[in-house]
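Heads up, the next two complexes both have subunit A, just with different partners, subunit B and then subunit C.
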Partner chain A sequence: MMRVRRAYDGALALALAVSVLLFIVPQFFFVRQSFFESLGMGMMGDELTLANYRTILTDSFYIAVFLRTIAISAVAALVALIIAYPTAYWLSRMNSPALRWLIILLLVSSFVSIVVKVLGLTMLLGSQGPFVAFLQFVTFGLWNGSLLHNELAVAIGLVQYSLPLLIMLLFGVVQTIPKSLEEAASVHGASDWRLVRRILLPLSLNGIVTAGLIAFNMNMGAFTSAVLLGGGNVLTVPVVIQQKIILEVDYPVASALSVLLTVAVMAINLVVVAVRRGGFAGARQRRKIA
Partner chain B sequence: MRNRSSRILILTAAALAYAFLLGPLLIVVGASFDGGSQPFFRFPPEEVSLRWYLSIPAKYWSALGLSFMVAAAAAALATLLGSLAALGIARSSVPGKALLETYFRFPLQVPFVVTGIVFLQFYHILADASGIDLVGTTWGLLVAHTFFCIPYSVGAVGSVITHDLEKAENAARIAGATEWRVLRRITIPALKPGLFSGFFFAFITSFGDVPVSVFLAGSGTTPLPVEIFQTLQFDYDPTVLSISTLVVLISTAFVIAMQRVAGLDIVLPGSRR
Partner chain C sequence: MSSLTLERLVKRYGSTEVVKGINLHIEEGELIVFLGPSGCGKTTTLRMIAGFIEPTSGAIRIGGEPVDHKPPRARNLGMVFQDYALFPNMTVADNVGFGLVERGKPQEVVRKRVEEMLRLIHMEHLGDRYPIELSGGQQQRVALARALAYEPRVLLMDEPLGALDQKLREEMQREFARIQREVGITTIFVTHDQQEAMALADRIIVMNAGVIEQAGRPEELYDEPATLFIADFIGRSNILPGRVEQREKELVKVRLPGGEIITGRCRSELTVGDTAVCVVRPEALKVGTPRPEGNNAISAKVLRRSFLGSGIDFILQYGDNQEVILQTSKDMELGIREGETVSVLFRPEDTFCFSDPKAGQ
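Up next is the complex of A and B:
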């Protein structure tokens, strides 16, 4: 037994060694770089400074970029959750061989790269697509705007990006809620709405919050849909980071932006988890008092 | 749900979800058979033809091959490292297991764009220090992809290491099995679902990746999604529709093959009725 345990220690040590090389070392150099002044043309100063962070945090342009990214990501995650939950419920309560094909379609959709989906969305939302034609028809040709290259298009792309994964995650969550619970509640006269509010939502809240945060995190780092569907009009943090690297070769500011993006994502996750815990404890407290 | 209207509401949401997910793919597939050169879908098509299939440029084919190779290699490497990590976390004598689990999930907490730039800059530093430049090489892509693939298999393999498995292993040991035999006959078969699903999700993520690869690719080492991304961003070309259609078909074939070989239950527990 001792020998076996030592073998597992060795496995962990090997995995840790490789992961330190992949996770820690590159990140260290990256974060370090954000503390040096950019001299332009890819050159860097040699004194440690907080100048890049000061620039970003005091510039209303960058603040707006961050707020825009957070807002679009949150709205898209919320919309995706609202569509995904009933779909996951429908799939997990389905008792038919069609389920297999519906799951296959879901996996295919999650398999196909986001660029291909964005290509499809561009055609659907584009000036020759059915939605623009419809809007022009119902407004008698008065509306001649565009559905592309704005915040809405980016948000639609983000929902497209996270939806398959969300449905799969919530499918797993709803499956853990026994159907008999719903039946028991129905037999005792609970309405469907009450069933959702008192059984389904409380029992899947953990999963909903986790899935929602995963979608939000994906959205915050989403690059492909922001670039292609935003068409340069919607500046989110990933888009600005890419511009700093490719167009301005300003690595220090790009690093500082990346560090702030990662910190913002982690902080928002921590706050959501803390609020939920607090909210739960509070609710329990209130119920006890009542 | 017993109420008719709530059933209809649920069905509507589900139908909407599927239409929304499959619509863009179907449009791409449909438009790829239109011989006209406009970048949009018409119905009925101007002329049905395979014109854009016959003129798919060679760079797309080699990009497709590269994407496949990198995804398979990164997913395999990550599955190996991830299962070592998962087994190690569950069974070594090291304290702080929760912390280790969080640590191994770290790559998915980092936005993908950031991962791309982190590795780009790291490769620059490496090149300055050692003369080996990984930017624009297949190896460079492989290393960065392995980075973000590892968490998938740590999670998937970790979830199938159970207390029952340990009991089964001990029973085999008591019955006189050698450690090697225990590993081969008990442990690995029990881990198989986790190995499969970790590999699957890692493969998907790597195969479709743009934000990491876009910074690391060079001429001749551009994965297909980045190639498509650049076509869409800079110069539209209708052959992008036909190669995208092939991606949709390959993905479908891959998923169906996996369902036949391993079963859907492995990727999505509870999906077999």
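Up next is the complex of A and C:
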């Protein structure tokens, strides 16, 4: 018995060790790499320095890249939430066998490779696509712009990519809100909008914040959408990191950018969570303790 | 507070008719209980009154005013749900004040009224608790206070005590009856528990398979069941099958399988030769000699005596392995023992005969 138990524990420990090796060790190396000076051609100095960080944090180009990435990610996450919540609500309240198929469809769509999805969007938004034709039609040919290779295109790509996941996350959230609460609100006199504001949103708020953060985090690291739909015009942090590595072979600055991206994402998450705690949930918890 | 009228109310889902043309008038201040087995249409009817389900046809009038095409919020009803449906993100006070706030009442008015309601349910000290911090019975009372706070025209209660254990259930029944009398609000209470219905109702509406089987005061339903379903569903009943020998207006003579002939009352179609079932309440059965004039008598063997606390049940066997239950109060010593054969007596006015529902099959 004891022997079996040991073998079992051993197997678990091995799995843990492999995970650590695959996950933490590479992180350690690139974090370490960010503290050395780049000598060009992939060579690095041998003295520890904060020079890379100083360069990034004092250069308005990098600052702009960070702000742009945060802005696109936040707007895309917000738009995705606004589309996903009513959809999830509708799905969770529909009382039909079709629901199962819709959920399967949603799952399958989230397995489609991002490259394929982005290609589809490229065709839709491209100069031969229906949207450009429509915009030219309604402006009598005055509008002559492009829907591709700009921030809007990247944001649309991010929304499309995160949407299935958000719908599924929020579906679970809305399902935990009993239908009888809605009935109670309406029979006691609440209009549909008031019901959303006083019951649905407060009760979904934790889930909405979580889902929004997940989408935001995905967006901050999104590379494919940014590079393919941005067409090199939209420089986000992942795009710049790739350029530093492939084009300039500047590993230390690329590493420092990666570290800063990670830190920025973590900091934003912590701030959002802290603000959220200060709200209704926090007040309630504090009261319970007292 | 208002009267409520249902006129030929029908609800159909596809080809299934769940509610089959209900007519009902409820007086102002009346406490009505919809009673019936699950699937009888009682909850569907309640939800049509609330406005959650649209009737297929028919009309609903509250205080004479048709409300069929109004959304729930415009009907000015109060409702208590089976799962209470308290808003978990609001305190008890905010829950109770919900309807007032939604009606745009000023803060001071809301605060005063909430205090009043909390006093009514004896929970004035718990206003700033959250629903999750309350017991089932307390949540129930808050749900009731929330439904009454804005003085709705009619109060609807959908199996509100179903989730409580027996003891608390009875306590809540008394508490609810007190509050209903105090407020005097027209109330429809849905339940499948006939004891609960008897304990609460001014009038019980027994529903079965989408129609009203019988409507009346609890005593009427118990003492004068109109159908076999009512006799069987309300209270405990002995059911004795037999064949009609003779009929004279409301009185029928039925021959039991063992050969005895008993007399009972009958208001339905029963003619000589039909198979019939006779229903007698356990407490209407007596034993002993001499046999009073006109009483029914069957000879039966005492199988078992079972003590119930409030009384004693004797399980008796008569005729061809048929069983009946005789109930006596505890202090009435019958002096009969298991295994003994006795003469079971009951009066024709306590015997109700119906046509056998299985006869046609």
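In this section, the second predicted complex is superposed on the first by the 265 of 290 C-alpha atoms of A that agree within 3 Å, B and C clash if a C-alpha of one lies under 4 Å from a C-alpha of the other, contacts with A are read in each partner's own complex, and residues count from 1 in each chain.
The rule is simple: a contact is a pair of C-beta atoms (placed from the backbone, for glycine too) under 8 Å apart; a residue touches a chain by one contact, two chains touch by 3 or more.
Only a predicted model underlies this, so the values are computations on that prediction, with no experimental measurement involved.
Enquirer: Fit or clash for subunit B plus subunit C once both are placed on subunit A?
Expert: fit
Enquirer: Mind working out whether A:Pro178 is in touch with subunit B, subunit C, both or neither, as first, second, both or neither?
Expert: In the superposition, A:Pro178 contacts subunit C only.
Enquirer: After superposing on chain A, what angle in degrees do the C-alpha centres of subunit B and subunit C form at the C-alpha centre of subunit A, to the nearest 10?
Expert: With subunit A as the vertex, the angle is 80 degrees.
Enquirer: Is A:Pro202 contacted by the first partner subunit B, the second partner subunit C, both or neither?
Expert: second
Enquirer: Answer with first, second, both or neither: which of subunit B and subunit C does A:Leu247 touch in the superposed model?
Expert: In the superposition, A:Leu247 touches no partner, neither subunit B nor subunit C.
Enquirer: Figure out whether A:Leu142 sits in contact with subunit B (first) or subunit C (second), or with both, or with neither.
Expert: Neither partner.
Enquirer: Can you tell me whether subunit B or subunit C touches more residues on subunit A?
Expert: More residues of subunit A are touched by B.
Enquirer: Which of the two partners, first being subunit B and second being subunit C, lies in contact with A:Arg194: first, second, both, or neither?
Expert: Second partner only, subunit C.
Enquirer: Given the touch rule stated above, what does A:Ser186 touch, subunit B (first), subunit C (second), both, or neither?
Expert: A:Ser186: touches subunit B and subunit C.
Enquirer: Nearest approach of subunit B to subunit C by C-alpha atoms in the superposition, in Å, rounded to an integer.
Expert: 7
Enquirer: Residues of subunit A that sit at the subunit B interface in one complex and at the subunit C interface in the other, please.
Expert: 186, 191
Enquirer: Which stretch or stretches of subunit A touch subunit C in the complex?
Expert: Residue list for subunit A touching subunit C: 178, 180-181, 183-191, 194, 198-199, 202-203, 280, 284, 287.
Enquirer: Flag every residue of subunit A that touches subunit B in the complex, lowest number first.
Expert: 3-5, 7-9, 11-16, 18-19, 22-23, 25-27, 29-30, 33, 82-84, 86-87, 89-92, 94-97, 99-100, 102-124, 126, 128-129, 159-160, 163-164, 167-168, 171-172, 175, 182, 186, 191-193, 195, 217, 220-224, 227-228, 238, 241-242, 245, 251, 254-255, 258, 261-262, 265-266, 269
Enquirer: Contact residues on subunit C for subunit A in the complex?
Expert: Residues 50-52, 71-73, 75-79, 81-83, 85-89, 98-99, 102-103, 128, 130, 146-147, 150, 156 of subunit C touch subunit A in their complex.
Enquirer: Within their complex, state which residues of subunit B touch subunit A.
Expert: Residues of subunit B touching subunit A: 1-3, 6, 9-11, 13-14, 16-18, 20-28, 31, 38-42, 81-82, 84-85, 87-94, 100, 103-104, 106-114, 117-122, 125, 143, 146-147, 150, 179, 204, 207-211, 214-215, 224-225, 228-229, 232-233, 240-241, 244, 247-248, 251-252, 254-256, 259, 264, 267-273.
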